[in-house]
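Okay, so chain A shows up in both of these, paired with chain B first and chain C after.
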Partner chain A sequence: MECVFGMVGKGFALVVADTSAVNSILVHKSNEDKIMVLDSHKLMGASGEAGDRAQFTEYVQKNVALYQYRNGIPLTTKAAANFMRGELATALRKNPYMVNIVLAGFDKDTGPSLYFIDYIATLHKVDKAAFGYGSYFALSMMDRHYHPNMTVDEAIKLAEQCIEEIRSRLVVAPQNFVIKIVDKDGAREHSWRRTTKD
Partner chain B sequence: MTIFLPCLGVCKSLLQVLSRSTFSLLNQRSGLTSRLEVIMMLDFSGLESSAPLYGGSNELLSDGFSAAPSFDLPVTSDFDDFQKNSIQMVKPAKGTTTLAFIFKEGVMVAADSRASMGGYISSQSVKKIIEINPYMLGTMAGGAADCQFWHRNLGIKCRLHELANKRRISVTGASKLLANILYSYRGMGLSVGTMIAGWDEKGPGLYYVDSEGGRLKGTKFSVGSGSPYAYGVLDSGYKYDMTIDEAAELARRAIYHATFRDGASGGVASVYHVGPTGWTKLSVDDVGELHYSYYPVEPTIVEQEMTEAVVA
Partner chain C sequence: MARYDRAITVFSPDGHLFQVEYALEAVRKGNAAVGVRGTDTIVLGVEKKSTVKLQDSRSVRKIVSLDDHIALACAGLKADARVLINRARIECQSHRLTVEDPVTVEYITRYIAGLQQKYTQSGGVRPFGLSTLIVGFDPYTGVPSLYQTDPSGTFSAWKANATGRNSNSMREFLEKNYKETSGQETIKLAIRALLEVVESGGKNIEVAVMTTEGLRQLEEAEIDAIVAEIEAEKAAAEAAKKAPAKET
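On to the complex of A and B.
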């Protein structure tokens, strides 16, 4: 029931994720932040098994930071995505991480980019991506209404439409969503869409 | 507790084969006796029943069950428990109720004290709130041995941290230590659903950690098979600004309601409070007695009463 989706606009990339932490029929928390800020200009929205999600995303975050300390320059989004895919692929045949990731980043020379990374180490550079049961609704919404070089307001409006569709059509829809954005000024939280206060 | 029954369809046909063979054996024996009985004029035909008998002739059935009457059953391996199992599938697995929440005066931690092995209550006096160190508590849900051992292990690691760094470990750090340990044993069958509650430099802290490797920071948690019931009472009565007594009563009431509805929870409701100077044990109440204090027995209204007839 976890939903993560993202899209690229003009000079920015957006990632939206639900914020529920669920165990079978119980909702433990509805304000769990699943979009991790990897570094100043990268966002990683992750969905999957609870332990794997936290452990893998923190592992990637610390390694990305380590690279920067060692080499003095930050990793590009493409390099970070390939690093993540490599780690998932290596672990796949031994102790697989059940995490699906949407990586959004902004690089000075290439601009905004979005990467779709599956739990079986699929890697695709895309304009729009979605994971989870919400993807059934979000993907077609985005296919219909997305166009390249959208403004922030247009993209937020499209994200809201996707959230509304998920809320009305998914049988056990998550209560709250968080929207995070990354552009030339960095990666930051944009807003929340709540139905419950927690 | 589920009784393992072999697939009834196979059993039925097996029994039919066996009963036919035992029947033919009986026939042979009775054939012999009936030849004798022609002379003695005794009739044992009434003893030959078509249903398989208990005892001797069923030695061929190694499991010792008596045969069920044959009618068509739905295709499940265990029909009697099918509905119970479908509820058990969604219900949280760990047979207990524990809860903890943060409020203005610190953290309130409460738990029941029943240990169950399937349908058997093995103990009504289990300590499910584990004292990791004087300012941190852990709750136990899941495997008792797993929880006790790993909490003790966590206590050791916290103490080592104190000695090495000359300062107490934070609740964040302690819960992360436990979560990492449990993550490394993932898939190996540990069953732990615990909450780490404590007071550190940042104030009150509460984390939920489980054996699947999940770790959640929060203000209100309940773990165990009785947790949905406890959540209901807890959510509706919770306010951040409560006094210690009000919060203790909320925690106690939530545990009581969970023990009332959940068969795997019961015994005594213990309530602990973690404040800036460490934890204190507030109360231990038998849930049966709590029931009668919350819902005293009302004398039944007698509508009609029989009295002695007045004899003139």
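On to the complex of A and C.
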């Protein structure tokens, strides 16, 4: 019942993820941060097998850092997305990573971008993306209300509407959500939407 | 002697590994490099040969970052340096991946020295022809460190050291003039040591300063300004020495 979604606005990109860590009927914790800050201007929201999620996202993060030390400049969002897709594709026919990723980034020359990368190494550059059962509700909500060049406030309002739909319509809905944003000033946590304290 | 210096894995009768000693010779021919440890600053300085006029100097960075908090300067074969630096950078990230913590300066120095040693005990390879100066702040205690490695694979910590061309003169200068410094004083001490053996001027030396905030490469103009300060201080000291003599 994990849910990750994101959208692109005017000069920024947003990623929202639930913060539940679940094993069968037990909720381990409800403040698990699934949106990794890949580097100063990239956010990677990941959902799927918990072990694979941690393993894959950390591996990507260290490789992105290594690229920066070797070459003196950071990877572009597009390059990072393609790197991830390549790793997923290589592992696919042997030992697949069961992770779905929404990658959001801000590049100085191309502005904000969002990438949909699923566990069988599909890569799409998109304006809005969602994974999980919550995607049925989030995508429908975004299809109705999203328009290009939204302001931060408009995008946050839309994210809240998506969260509301997920909370009210999904049978085992996650309790808390975290919203992270990336713009020209970098990637950072924006806010949480909680129903339970942890 | 000639019989025992072909292969790295052969000791000479008097206990020398000649290939390693020849590698040290290669280091002695490399450009001068100096490192000085202060209380809150560590400074690396490297000699830059100014004869290459058409070369884009930005593509030849002699002081490199291994991680956010570790920097390295070296003297000797630059191609060997590239390989060693690449391996060290991978190890820094690999360490972060496996133990979720950044490397300590000692760890990465030990790793690089271990790598250099491996190539003195394998068949069909030659040692890395470079000595490195590794600086950084311990990520947990904030203590500054300066380490040196050499082609034989030994390493040790230093308050200040020099390697490469004329390193003996620089080390002598540092031994005479070293004291605990911080901030700008540490930078000045490092540049003064370099100026003992290098032509004066910002375009002949590359200086980088490591603080808890990270590594900062000094601009040519900044270096020129500090060199000017040092020259002025030297001139003032000379004048002070001459003045009393005149009175008598």
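The rule we apply is simple: the second predicted complex is superposed on the first by the 198 of 198 C-alpha atoms of A that agree within 3 Å, B and C clash if a C-alpha of one lies under 4 Å from a C-alpha of the other, contacts with A are read in each partner's own complex, and residues count from 1 in each chain.
Note that a contact is a pair of C-beta atoms (placed from the backbone, for glycine too) under 8 Å apart; a residue touches a chain by one contact, two chains touch by 3 or more.
Quick caveat: nothing in here was measured; it's all calculated off a predicted structure.
Partners chain B and chain C, brought together by superposition on chain A, fit side by side with no clash.
Within the superposed three-chain model, A:Ser24 lies in touch with chain B and out of touch with chain C [touch as defined at top]. Applying the stated contact rule after C-alpha superposition, one finds that A:Ala50 touches chain B and leaves chain C untouched. Residue by residue along chain A, chain B and chain C are tallied for touches, and B comes out ahead.
In the superposition on chain A, A:Glu32 contacts chain B only, with no contact to chain C. Working from the superposition on chain A, the chain A vertex angle toward chain B and chain C, CA centres, sits at 100° in steps of 10. In the superposed model, A:Trp192 lies in contact with neither chain B nor chain C.
Superposing the two structures on chain A brings chain B to within 5 Å of chain C, judged by their nearest Cα atoms. The residues of chain A shared by its contacts with chain B and with chain C come to none at all. Of all residues in chain C, only 61, 65-67, 86, 89-90, 92-94, 96-97 touch chain A in the complex they form.
Remark: chain B residues 90-92, 179-180, 182-183, 186, 208, 210, 212-216, 218, 221, 227-228, 231 touch chain A in the complex. Per the touch definition, chain A reaches chain B in the complex via residues 21, 23-26, 28-29, 32, 49-52, 54-55. The touching residues of chain A, counted against chain C in their complex, run 58-59, 62-63, 65-66, 69-70, 72.
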